[in-house]
Every structure is written in structure tokens, then in C-alpha cells.
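To start, the structure under review is shown below, and the notes come after it.
Chains: A, B, C and D, in written order; residue numbering restarts at 1 for each.
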Amino acid sequence: MRNALLIRSDCEFAFSTLATFHSRFLRHRSGPATLEPHPNHTVRVFLSRFCVSNTHDTIPLNPPHHQPIRTSPPTPPNMPVDFHLGPTEAATRAAAAGFAQHVLKPARAEYLQHAEHSARFQATQPTYAAAVQGGLLKGQVSPAHGGTGGSLVEAAIMVEECYAVEPSAALTIFATGLGLTPLNIAGGPQHAEFLAPFLSGKGAPLASLVFSEPGGVANALEKGAPGFQTTARREGDEWVINGEKMWATNCAGWDFKGCDLACVVCRDVTESPKPGSDPRDRVMIILVTRADLDRNPGSFEVLRHVPMPGHTSVSGPHVRYTNVRVPAKNVLCPPGQGAQVAFGAFDASAVLVGAMGVGLIRAAFDAALAFARRDSRGGAVPLLERQAFADLLSGIKMQAEACRALTWKAAHAMEHGPGDYDARRELALAAKVYCSEAAVQACTDAIKAVGITAYDSTQPFAELLNNAVVLPIFDGGNVGIRRRHMQQLMQSPTYDAWAATYGPSEK
Amino acid sequence: MRNALLIRSDCEFAFSTLATFHSRFLRHRSGPATLEPHPNHTVRVFLSRFCVSNTHDTIPLNPPHHQPIRTSPPTPPNMPVDFHLGPTEAATRAAAAGFAQHVLKPARAEYLQHAEHSARFQATQPTYAAAVQGGLLKGQVSPAHGGTGGSLVEAAIMVEECYAVEPSAALTIFATGLGLTPLNIAGGPQHAEFLAPFLSGKGAPLASLVFSEPGGVANALEKGAPGFQTTARREGDEWVINGEKMWATNCAGWDFKGCDLACVVCRDVTESPKPGSDPRDRVMIILVTRADLDRNPGSFEVLRHVPMPGHTSVSGPHVRYTNVRVPAKNVLCPPGQGAQVAFGAFDASAVLVGAMGVGLIRAAFDAALAFARRDSRGGAVPLLERQAFADLLSGIKMQAEACRALTWKAAHAMEHGPGDYDARRELALAAKVYCSEAAVQACTDAIKAVGITAYDSTQPFAELLNNAVVLPIFDGGNVGIRRRHMQQLMQSPTYDAWAATYGPSEK
Amino acid sequence: MRNALLIRSDCEFAFSTLATFHSRFLRHRSGPATLEPHPNHTVRVFLSRFCVSNTHDTIPLNPPHHQPIRTSPPTPPNMPVDFHLGPTEAATRAAAAGFAQHVLKPARAEYLQHAEHSARFQATQPTYAAAVQGGLLKGQVSPAHGGTGGSLVEAAIMVEECYAVEPSAALTIFATGLGLTPLNIAGGPQHAEFLAPFLSGKGAPLASLVFSEPGGVANALEKGAPGFQTTARREGDEWVINGEKMWATNCAGWDFKGCDLACVVCRDVTESPKPGSDPRDRVMIILVTRADLDRNPGSFEVLRHVPMPGHTSVSGPHVRYTNVRVPAKNVLCPPGQGAQVAFGAFDASAVLVGAMGVGLIRAAFDAALAFARRDSRGGAVPLLERQAFADLLSGIKMQAEACRALTWKAAHAMEHGPGDYDARRELALAAKVYCSEAAVQACTDAIKAVGITAYDSTQPFAELLNNAVVLPIFDGGNVGIRRRHMQQLMQSPTYDAWAATYGPSEK
Amino acid sequence: MRNALLIRSDCEFAFSTLATFHSRFLRHRSGPATLEPHPNHTVRVFLSRFCVSNTHDTIPLNPPHHQPIRTSPPTPPNMPVDFHLGPTEAATRAAAAGFAQHVLKPARAEYLQHAEHSARFQATQPTYAAAVQGGLLKGQVSPAHGGTGGSLVEAAIMVEECYAVEPSAALTIFATGLGLTPLNIAGGPQHAEFLAPFLSGKGAPLASLVFSEPGGVANALEKGAPGFQTTARREGDEWVINGEKMWATNCAGWDFKGCDLACVVCRDVTESPKPGSDPRDRVMIILVTRADLDRNPGSFEVLRHVPMPGHTSVSGPHVRYTNVRVPAKNVLCPPGQGAQVAFGAFDASAVLVGAMGVGLIRAAFDAALAFARRDSRGGAVPLLERQAFADLLSGIKMQAEACRALTWKAAHAMEHGPGDYDARRELALAAKVYCSEAAVQACTDAIKAVGITAYDSTQPFAELLNNAVVLPIFDGGNVGIRRRHMQQLMQSPTYDAWAATYGPSEK
């Protein structure tokens, strides 16, 4: 019985959650210059009453009973730098590790039975449903919107644990979190109906941030660029959406007829732009639900499932919207506010890509170490006595440590500062760029160290590399988008290099 | 009609050939200290009367009529350094390019229709047969043994052309060349019967150098190591072979019951070793033909086909020899001579792995450039106007140029010197190590430059990386074997760092 | 008046201090297997009553009145990961920044007036004396021995601030801390007399850990190696020391006749070693004071001052001990205990080398950014609009952030865990190796970015590189010592890779 | 007697020469699209009758009697790729090695006695004069102008030999070659008087290409940029030059009152530019002789000698031209032709910077190997038995081999093709960028391998690094200029990636 996972109901663990901190920075604000942290925001953490056992008892999935455990206080003022996990962080880690081992890992065995990636994606639906029941979706919604989102450090911890075990099935879950982030940032009470399915703990609702396009968007907002090719036109009380998108994880839903909720980033073409106008002034975000698509037969098509070398159970196909009509209430961000909110969503996810990198580097190290312990390549001494091998291994280890420390620093700074939003954002970008490239390096180093055995696909190394190689290029490619954002920050006259660590510098 | 390729018989092209130069260095010699080039060796190059057309006329494959064109003289004494291709080099390149486009590339479309790698391998048999008819096997046999092998520079040119287009189907062909290299080096007139099938220009005979073992062999020859786990025991006029091998390309033949000719590297266990003896003293090479296996039912088994992330039509399974009995005449290298000949074979192939790297880097550059010319990532200017993109691209370009120049230098030095064999060998190792690692770097850089489009498996980038990633770890892994050989050379008291470029240094 | 620095006495700041945590781990213990943190150790932090003004009033140096401010409690149990500086950390940073700007930086202008490095060293004596008066030496002695040493994170913060401004004059101060570390670790009440000068806050006493030798010591403890070439022989109640040392910072004192206190690592040659004995069994540490040398005329010679490309005011000459006689009470570590204590001292300093790297990377970034803001290389737009330049700069920035986060993590783990000593030590080694190599990379990248202006020695870039380039090779060279220690840790059967972050793994 | 070097007159050696090939490509042509090689150009090579002995006999310098030896024919049509040195190449190498050992190396001992870099420069005048007498200046003038310039491969060989021994004194010589290159390219019979001093074989005439400016010129030719800040204004039959220059090697002459011949790149400001005009249209090159300066008292000032971390005997000070009046005949390139000729000069020098990198990498390798042979770092086995050390060393070795092969390829292609000028130029740029960055890497790797001994300035390692670090940033910085030129080439619609190796591709 495929959708009956191994669950025990008599223990508790926390599903740590994707950050919702952005609402503090961005909501109800209009320009980037005014972004300031809200100092008194309280992050609430809920622990799901829900645990996955080590036994082989098959227990049907039941909705967990969420119980609030504690409200984490604001950072106490007089504590020194501290890397010890706090109780909710430790609980998050334990829960995530259990989830990874007992839910995600078996999912992989399941989906690998299918050759087509689209079929692999569909095969993960029971796993996803288990995650929903475990509170993982609610945990990706901000407490301000009724969710149980924890701290960004907790989210990073959870992502690392999942990526160290089974990145592909995990990404589908996290991608719904990314799909909900624009609502966490910019949503108001009027958007509660859109979030409701994701707070219910039932079913397998998928959300998606529908951003990328077949021709790329890295430069779509520069002066003179054509801008987003997916357009929206106001007609009376409705908006009509047309255009093609690609690489938006989860956007097509389980049946490829559309996901439950899509945040579609598009360009307002109701009126012709004024000459010399900023392309950003026309970018908007419209919420498109499955019901909206179902009302417009033929309005949504999957043009092509994109086969990928890694993350083979993830779905982010090339799709086309044709005259999708949605009511005006579906506008999450009116023209001029869409770009900021979309980029804000990617700022948060940047930290989590850092954590993905950490998870993959850790897995590469663990696998190479395990190889060294069982294999001497025909020699008289253990493989670890060979300096050339050991130096590759310790190099990977150091990358894991440096990347984790950087990711945690970025996660903490995004929520707690010091420094203004730009200073914090630079650290998030750094975590994304640095750790993603380190992950690729670490996986190729592990392959070099292990040798030809690593070319056996039943070993983890090739898959690790093929999973890692997307980190620098998805979620805002490093070369075209992330590094450009870093450059823009440095170009700012108010750039203050070390403010996110030491606070604003004295001039 | 699958095995009727597009061939035109009214033009000529050269199948450049794998090097056979080793016979000059190693044959009939016993110790590494005495390795000296034979100065008057003449390399003969034959051009096959055989050409692949651009038309769609389907012409059955016919055996080409080989015609000797010219005998390349020894290097003329008074010429300056020259990078221009000579006529046979240029012809080799043109022929290889045609072969790659018109024979190898269609083979890929064919084999990709199969999911299992073993089936993909079998699907390349018609391509392989076409190569045989085109003279590619004969071209990998030394003229001294009746073949038409050309210079090592020509071989490097041919390998680059093939690897720039379709590495996987090409490797099966080159692996037969590697399988025959021990015969090129150490074979005498008495081994003519073993080479005959590969000189016939008929059928699809496969040869294999059967070296690697499941537990690795990198350290198998150090003092105190258990040594090769595949053993041979003399019983009367026969040798009895037992043990497991893995990663030996082509070793199982088209039907997985054994290839036509295997050079099995194994350990003589007829007598117990003396304490403190050198493991090298017991290494031997025995020729095992398909007929030998067929005479011994049950003596050869494929234990597992190894799925690989790249080179998906290549077969190098985990196999077991059980009491394979062969006559004494099958001994190519008696105990004590096997290691030297096997390593000599890998010295030659080292240069060609360098050329494989060049081919892959070139393909990565060409593909990224083509992407840049058709795509602006939504921007107002061509992608190549972006410095960050352009610098990745020019970096790849420079790697291609540096690697090709190094590979040619190594190929030339191996055959023509200056310097003794050790000095030349160092350059061959350098070509292998340097270009293989550069290829991995170039492919990851291309992916970073192109961005998320590169994660679409219908684009060439992921496959390029997955092909490249084996270069540092196969054919003698860089970390465990090739770098160790470089280290041993440097440790030698007669090490003379620049002799392979400037001749022996004055002391 | 050279030794009258700009000091204001009406404000307070903290001289954060080098770690003394080792006493908790190593003292009174015999074997590495028993190293365990002492959970209840309390780190006391004192703030010096002492402040450097921004004014130009010249105030004679007076001994500060140290006042204990607070005792930092053990890490509170329920706090999440936190990167905010606590009050003593923030005060340490402010004080260190002031010290760097107002004391160290002027010192550089002073010593650069001398051409000879030995004269430069001597020219820093007033600066050193000011540091002593400011409490910097006392701050490098463990509270257990009467000092005011703070946390290792604080020490890292202080080192970063100093290295970002003036590494060379700073290193002389920190080297005394390293020279005292063996006493912090292994000292007992009987050694109080040796520490007294360093607790007085008066004068300019220099201590030195005298470890390295002209022929290197990286492999001196392996089986079969000759071992340390500096020897000690017991004669009655005395030990007689002979041999040459090199690179021991401060070892020759201000007048090159010997420093105030030297911890000389040497080999006991009183008896012939048993065959097959471990070279470690004979390593000891003997305290040699200036008084000891003065009692033995001719016993101490500087053979050569070593000119260095960076750190040009640092003194670590090639010296010779000839029949130096010291009383038995000078033995800090008897034979068999010296190596462990010496390596323990280097474990602590490893973290601080990480902080040195952070300081240099930060300085390189700041200098390159300042260049970009004042220079457009003749162009129509600011230099930071050039992607190629900006990407080098953001790369340096990311290295600074990653290295600082790693260094702090290592500093925190060394003192607070989790994990056993080996797990913590791996992080310290990682901070040393990773940050030191990153610093070299960052400085060369800054030079590449800035261009030819960086080759002007009046610009900071070349000096930054020449300072950075020692980080990987001093204080235990990465290749020969630090990486080897990492290898040994991984080889241990009890190696637990992630214990210093997540605690011991469940097996 | 300082200017009496150790010379023997009874043997011959060749001073290989800097390339003059540019005249074939650029002379008498107006636009970049028409650049084509002149196929029948004959490169003449002269060997100087002149040899440096190994004995200690002091022989006064006498002008050598140049004797033409042979005229190297055009590349023979039917030869394969060949890396053997031809006779003139081998003679060039032998001569250059002798010159480096016996002339340049003693010069270093001489100039190091001075502390000031300007004094060090002046101390090399006798060495320079010896080089002049040896034919080294004449060898840097094209045969078309009466010089004895050889092939660019020979020039690369000579530069490698000199840079492997003494880069600083060598650079002063090569910089005169760069200073003459604009004349080689664009000079006509009317410029013979300017070249005459450099063909005489007498004295110590210095030439300089005066290009760089204090504020940088990397972007000076882009639209909207202010352009070169050194200006020329036509007044009657004269041009009046004003402005500041910096980094132009040799520009101030031995007495800092001006070199013998300066090719000053400047901007015509006779008339105001038309709006939107191309800054290139106003760039010109004017020849300024010492006599010109002497006629204009006060017109030339050295504002500052630039201290540098390496190349400490090289002079390229910050200078100012004030109302320097020269006759119209001094115009080498009229407005609109200056940029092309200046960049052409740098294309040629790009290859030679590649050779400089090779020389430094080779020296770093040789020095690290020598260290390994004399030092075991206290261990029981030779240092080369340590894999970590050996891998750094073999990495340096491979970089030397790859860089030399690339440099030779670029040198050969620049003169002989195949491919059009752009295709050849890309290889020259590649040699500059790739080898310069490899040299920095190799020197830092050598330092890491050797360990703390490398921080002793009496060892060669720090100086090697400080010499290498300028290669990426001088002669057109890689980031700001060279990579930009590579980018422009790739952007061209006629870009043909592999034409300089395989000839124009078929479309």
C-alpha cells in the first residue's frame, strides 16, 4: 500500500519550517529604500505531534494534531556568539533527519521504478501527502498568516538534513514553500482563501512561484529589454494572462493540468509603456488557482516535460498560459510591485540553497569516507593513509564546515540583523553563490578521490554531482542573476560592507 | 536497414590510428632502465579508400581497399617548431570529422532508443562494424604487426574529433585499440594468430585490456599488498585463470559471453611467493580468446552490467573468470613482465585521454557559444556582451587551447623525444591528468555560464559533464595511479625535468 | 616622543584576549584519549580601563587599572544559534579597532623608517610596551593562572581587527601569547614565577614558543625520523640544551640576546632510545628565561636574521643554543609530554590564524572597493559597473564572510563543543587551513581586479599578499603539518565527522 | 670594473630576438578588417659572434661582428606537427641560457646592493650595454627595418630562459623591444633615423612604449569615456604634447631625464570632437626623442619613482610631459591609427608575457625540486615520498608544460597561421592571460609546498611570486583589457573559434 507510510503516532517531532520573515521587511512597503526590519516580530514555532518510527509497522497516515510548544523570544540582548543548537533547532534537526530517513528515502526507491521523470514526480505524491500531514506545508506559512513557520536557521537545518539524504523528493516540498513566499511577504487578509488549502494539513496541494521563461529572465528588467514575455491585460474586472513559462517547480500540478496555486510573475500590457519607462513598473504577480484554470478549458498546457540529469522526480515543465482569466482579487502584487516581491522570495530561498549545498557536500563527504573505510584499492594500508586521497577528503570536509557556518550566519542575519535589508541580503546571496559552487566542487572532488567506482551509478557520487550542478544555476543563476544582485549592492552609495556582522559602520 | 550506413566509395579519407610507437620502446626489453627509443623506426600511414558522404544515398558497407600513401620520414633535422598539420594529419582530421558526423552521431540516435546500457552497447555493433570496414581497427595495430597505425599526433587528432561529437560510441572503438596495445608492445610473430581478426577489416571483433578489479588495483603492486586478485596457475601446458574483473571496456563481447581477445592481467600463483618478493615479479598477461572461453563452458560470467552516468553505450561489466584454461602459447607476458607492458599500454592511452578532454572542452565551448548566439536571457543586448558570461567562455576556450597544445606536445615527444622514456612518459601523464581535470572544470563552467538551460537533458551540457567526469578516474585514476607515476618519476635520481622538450640537461 | 602614544584615560575598553581554554582540556592529563572538556569552567573577562582617543593630545602611557566587569556564564541552555556579538565581544571589537588604528598603525609608520627587519622589530618596542600596559599580555594568560583571558571568539575578533590594519606589529604581541600557551595548558602553581613578568603590565616582556628548526620538524615525530635536533641532557639537577632553532617569533628578545621566556621544545638525549621507541616519548618542553641565558655567557647566539617578504617587523631568527644550563624546575613538560602540549598550543593558534586570514581578506576587499570608488580606469562608468571587476570583488567578499563564520564556529566549538576534543580540533585545523589559503587567493584576486596600480608598493595590495602568503606555511604548515593532523583525525576509528556541530552521532 | 663582463670571444651564440612579424600584418593598412598575413615574408636570423664563458677571465666588452648564418625558409609544406627545436631555435636557447647565467644573473647581485629601485635600475646599465653589444637590440628590430629579428617562437624561447634566471634586468631589455614595436609595425623609411641608435650595437639606448596613465586606460576608448589624458595639439608644423603617464617601462631613461625614444600614445585635441565620435579616431602615436626633450627644458619630469614588490630594477615612473614640442615628422601614427598600432604591439608582447610566465613557473618548479632533494623536513624519508608535496610539485610541472606548449602554439600561429589575424590574436591573448595566471598559481603552490622556508627572502620563492604577480596586470591587465579583447573577438560575427589551429571552418 503505497500511500501508507511508516508512521508512529506516539511521539512528537518538529517540522522545522521555511522562513516567513520577509513579511517583516517587505510587506506594505513600496520602495527598496524603506525596507527595514520590524524589531519586535515574534517567530512562533509549532511542533507537529507526529513521528516516523523505525519499525516496520504500517500505519495509515493521519492528520497530526498540531500543538504549539513555545514562542521563541526575541534574541536575548546579552549573549555572546553561540553556535549551539537551541531546543527547537535540535528538535527540528531530529525531526528532519527522521523524515529524511523514513519518508524521503523510501520515496526514492519508489519513484526510481519509473523511467520518465514526469512519472517519477507523480510517484512522490504519497510522500508529499505525508509531509503535508506532518505539518510541513503549514510550517512554510508565516505565523502572521496562520502558519507555523519557524526561524530561517531552523529551515536551513531542515533543508540540510533532507538534502543529505534525498534532494529530489524534498525539493518538491520546498518548492511549494517558495510558491507561498510571495503570499508570506505581500499577502493580506484578503488572500486567506488562497492560503487555506496549505494550512489544512490535508491532501497534497502544490504551490509554485512561476517566474522563469523559456528565453530566460536574467536581464528582463534592464532598460531596453523586452521584459517578461508572459503578459497580463486588464479587461474589466478580470485579468487575462498569456505566455510561456519554464522551470517553475510544481507549476503543472500532479496531473499536469495546473497546480493548486501559482504565483505568476508577468508583465502588465494593458497600456503601452511610456518611452524610457522602467520595465519594473509593469511587473506584477497574479495568483492563479487550479479552479481558475479549470474554468478556462484549454488555457493551460504542458508543452514539454524537461528531462534533467538530477532531481529526477521534480517537475518544472515548459507550459503555456492561453487567455487565462482571473478575477481582480487574484492580483497579489499590482504593476510595479511584482519584481520586488519576487526577488524578496528569492532572497529567502537563497539561504536555503546554501543549505542544500551543505547537505550535498556532507553527503559526498560521508559517502567518500565510507568508501575509504571499506576499500583500500588493493593496497597494503587503509586508503586514508594516502595523503592525496586524504587531502581531497579533508578539503570537502572544510567546504562543508565553511558553507554551513556561512549559511547559518546568513539565515540569522536575514532575520535578526544587524544591518539594513541590503546588508542582510548580501549575506543571503553569498550563501547561495558560495555554497552552490562549493557543492559542485566538492562532488567532483569526491569523484576524483574515490576513482572509477564513482562512475558506477549505483554508487551515490554521480547522482550527487548531478544534483549539485543545478544549485548554481537554478533559483536565480549565479552568473546572470545572483552575482548581478551582489554587484548592484556594492554599487549602492550606501553600501556598508560589514554591517550585517558588526552593525552600521561609523563614518 | 540499420547496418547500412551512408557511405560513398568514390573518395578517400584516412582513419588515423592509435599509436603503436610502444613497440619501439618496450619490446624485447626487460627493465625500465634500458628503455630507449629506436631512432629509425618508420611509421607508416595508410589511408582508407572510403568516404562518408553528405548525401542520403544508402550504400552498403564494403571493405575498403587500403592503399599506402606515403611513409612518413623521420623528423627532418633542420625544421623549426611547427604546429601546421601535415598532409596525413590534415587528412586524418577530415576523415575523423566525417566519421564522427556521419557514423558516430547517427549511432547515438540509435542507441538512445534503448534504456538499458547493455542494450545501448549492443545497438552500436553496426557502427563498430562500419569502423572496422573503414580500417579503424587495422589502424590501431602497429605496422610492425601488419597494421596501419599512424603517428600519435594523428591518433590524438582523431580522438579529439570523435570526442567532440560522440564520445560513447567512439570509446568502444578506441578500447579495442587499448586492448591490442599490449600486443603492439610485446607481441612477436608467434602472436600473429591473435591479431589476425583485427587486421581482416571484417566483422566486429572486440579486444579488451582486462586490468581493473572490483577492489581496485591502484596500490596492488606495492610491497605488502595482496596484489592482483585474478590469478593464473600453471598446470602442465596450460594456465588456469580465476578471478573477477571490472571496468574493462569491451571485455564481455557483444553477447556478453566474452570478447574476441582479452589481455588479462593477472598474478601467477603457481608457486608461493618468496617472503619480501616484489609483487611485480608475479604479474603476467595472458591472452584469452573467445574460443578459449567457449571451450570452457561456464568459465566466463557477467556478474553485473555497470550503469554509468555517461558513456552510456560503453560496456565494461563486472565479470568472473572461473577455471579458464588456455594453452601456454597464450602467455603474452610471462610473470615479471606483465606490469611493465600494462603500464606501457596506459602511457600511450594517457595521451589519448588528453585528446578526449580536448574534444569535450571544445564541444562545451562550441555549445555554449551557440547558446550565446541564439539567446539573450531576456536582455537588451547579446549575451556575449555580459563580461561574466564572456569570461567563463574565454576561460573554456583557453583551456581547450592549452590542453590541445599539451596533448600534441606529449604525443610528439612520446614518439620523437627528445629525452629518455621516463622524460617522455612524464608528458604523457601530464596530458592525461591536466586535460582530464580541465575537461571537468570546463564542463561545469559551461553549465554555470549557460544557466538553467544547461539542466535540460536535451541540451548537450549535462551529458558533456557526465562524459568528462570519467576522464580523471578511468584509464588509471589520476589520484591513485597517474599522479603516483608522476611522483615516482620525480623521485628518480636521474629525473631530468625538461629533457622531453630541450633534451638531456648538461650537468 | 616615540613611546608616548595617544591615550585617553577617561574611557574604558576591553582588550580581548587569546584563549586559555586549553587548560580545561589538556592539563594534568596524560593521553589524548582522555581529553574531555571541563563543563563548568568559567571564562572571566576583564575590561581594561584604558582607551585610545581620536584626539592629538599626547598622554604618557600609564598602567591601566584593570577592573573585572562581569563573569560570562556558561552558555545558557535554551538559546538558539546566535551570531550577535555579546557585550564583551562588542567591547573587544571596539577596543581592538581602536588599538589597531591608534597604536598599531602609527607603529608601522615608525618601523618603516628602518630598512633592516631586525631594526624594524626593535622599533616596535614602544608599541609593544603600550600593549602591555593596555593589558594585552595579561589578557593572553588564562584566568586560572592569574590572567584575564577571554573567550576564543573574542580573541578571534581582536585578531581580525588588528590584522585588518597592521599585521606585523600585531604578530609580535600575539606571538607572546603563543609563547605562553604551553604554560596556560600545562603550567602549575610552581610555574607562577615564570608567568609573573607577563602579568605585571609593565615593561615589554617577550615570550616565545621555540619549536621549528632549520631542517624542519613536520615529520620529526614519525617512526624512524631523527627527531628534534635540539636536545636536552639531564646532568644532575640541571638540563643542558644544545641545538639550533629558526622561525620562533620573539625568541631572541629585543636585543637579540634572548627573550624573557622561551618554551623550548627539545629531545631528551640523556639515555639512548630503545629500538623502535616512539620519538614522541622523548619530546619535552623546557622553560628558558633570559636570566638562564645570561648566566651562561655565549650560550645563545643569533646566527642570522631572516629577511621576509612580509611581516617585516617580526623577528624569528635562526638561533643556536650552546650548553644552556637550566635547573630542573624549568621543565614544563617532561619527556613524553612535550609533543602533546606543543600541538595543543598550535590547535588554539590555528583558530587565530583563521582570524588573521579574515582580517587580511577584509582589508583586501576594503582596499579594492575604495579603489573602485575613486577610479574608473579611464572609463565612462564607475568601475563597479564592470562585471569582471565586480565578480572578483564579490568573490573576495564571500570568502571573508565564509572564513569569518568558520573561524567563529571553530572558536566557539573549541571552548563549548559539542563533541570531544578531536572533533573540536578538526574545526580549528579547518579554520587554519581554509582561511589561510583563502587569504592568499583573495589577495591575488584583489591584485588582479585592481590591475597595475596594485603593483605600486605604496598601495596596500602587494603588502597584503606578502603578509597573507605566510598564513598557510607558518604556525604549522598546511601541507606538512595541519593537513596531516586532519588526516590523522579522519583515520581514527572513533572519528565522528559532524560531532563538533551536532554532537556525537548515534551509531 | 663593473662594466667589464665575463665574455669570451671565441665562440658564437645567437641572441634570439623579439618578433617583428607585425609589419607583415599591419603595415600600410588602415582598417582591422583588412589585416592579412603577408605570406612570403622571410624571417632572417643572425647569430652574434659573441659568447659568454664559464671562466673568470675578465674581457672587455667589444662589439660583436654579426654574421648572417642562414635564412629560415617558409614553413615547408609537407611536414607534420613538430616540437623539435630547429637549429636556430636551439642556438637561441643556448645563447639565451648563457646570457642569463653569465650576464643577467651577475647583474642582479650588482643591483641588489642598492636599496632604491631607481638606483637599482641605473645599476643595470652596464648589463644593458652588454646586451646591446651582443645584438639584443638589433635583434628586436624587424629585418625589414635593418634589424635581425628572428621568429616569435625564438623570442619566446629567449624570454623563457631569461625569466627563469633574472626577470628584472631582462625586462628592461625586452621593454625596449616593446618600445620599438610600433616602429616595426607602422614605421616607414622616413623613420629610419629614429631606429638608427638601436641598430648601432653601441651605447645603451632605451626605447619605451608610453601608453598607461595614472588613472588607467583600460576603458579609455569606450564611447563616452574621456579618452587618453595625454594630449597632442597641432600648432603649425609642430605637435605639442601635455599630460602624465605612468608604468611605461624605460620611459625616463637612465638619468631620468627621458629615454632615447618614446612612442607616446596620446589624444589629438587640435579640434573639438564631433558629438558621438569614436574616441579611437583621435588616438595617435608620436615619437619623442631625448633630443626633443632636451630642446624643451622643463618639458619632462619624473613625478615619482614607483616602488614595486618585484622587478625591482625596472623603471616605469610617473612622469609628466609639459608642452613638449616635436616636429610633424615625429608622428608615427596619425589620429585614428594610433590605437590599432598600440594594440598590435601588445598582441605581440602578449605571447612573450606567456613565455615570461613559463620561465617563472619553471624556476619555481626547479627551486622546489631542489629544496625537496636537500631537505626532508626532519623526516625518515625523502620529501618527494610525501604525496601532498609531490602533487603540488607535479601540478606546477604540468602548468609549465601546458603553458609552454600554448605559448609556442600562439607564437607559431601569430606568424604562420592558419586563420586570419583575429584568430591568431586570440591565441596570443590566451597565452598572456592563461600563462600569467598560471604563474601566480604556480608560485603560490610552490610556497605552500616548500613551507616556511619559502618565507625566507634569501630563498627564491617570495621573489618569484612578487615577479609573477605583475604578469596578469601589466602589459594590458587581464581583467580590464586582455579579457575584454577576447570578448570582443568572440562577439564578432566572423568569429571562427578553431581557425588558428585547423584553418577556417567550412560553413
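The working rule: contacts are C-beta pairs under 8 Å (C-beta built on N, C-alpha and C of every residue); 3 or more make two chains touch, one makes a residue touch a chain.
What you are looking at is a predicted structure, and each value in this text was computed from that prediction instead of being measured.
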Note down the smallest number of touching-chain steps it takes to go from subunit A to subunit C.
1
If you take the mean of the Cα atoms for each chain, which one ends up farthest from subunit C?
B
Need the CA-centroid distance for the pair subunit A / subunit D, whole Å please.
52
Separation of the C-alpha centres, subunit A versus subunit B, in whole Å, is 43
With centres defined as the mean C-alpha position, give me the subunit B-subunit D separation in Å.
41
Can you list the subunit D residues in contact with two or more other chains?
386-388, 391, 483-484
Sort out for me which residues of subunit C touch subunit D in the complex.
115, 212-213, 215-220, 222-229, 247, 306-310, 375-381, 386, 388-389, 392, 437, 440, 444, 447-458, 462-463, 465-466, 469-470, 472-474, 477-480, 483-484
What part of subunit C is in contact with subunit B in the complex they form?
386-388, 391
Which part of subunit D faces subunit B closely enough to touch in the complex?
72, 75-76, 78-89, 93, 151, 153-154, 362, 365-366, 369, 382, 384-385, 387, 390-391, 393-394, 397-398, 401-406, 408-410, 412-413, 416, 418, 426-427, 430, 433-434, 483-484, 486-487, 490-491, 497-498, 501-502
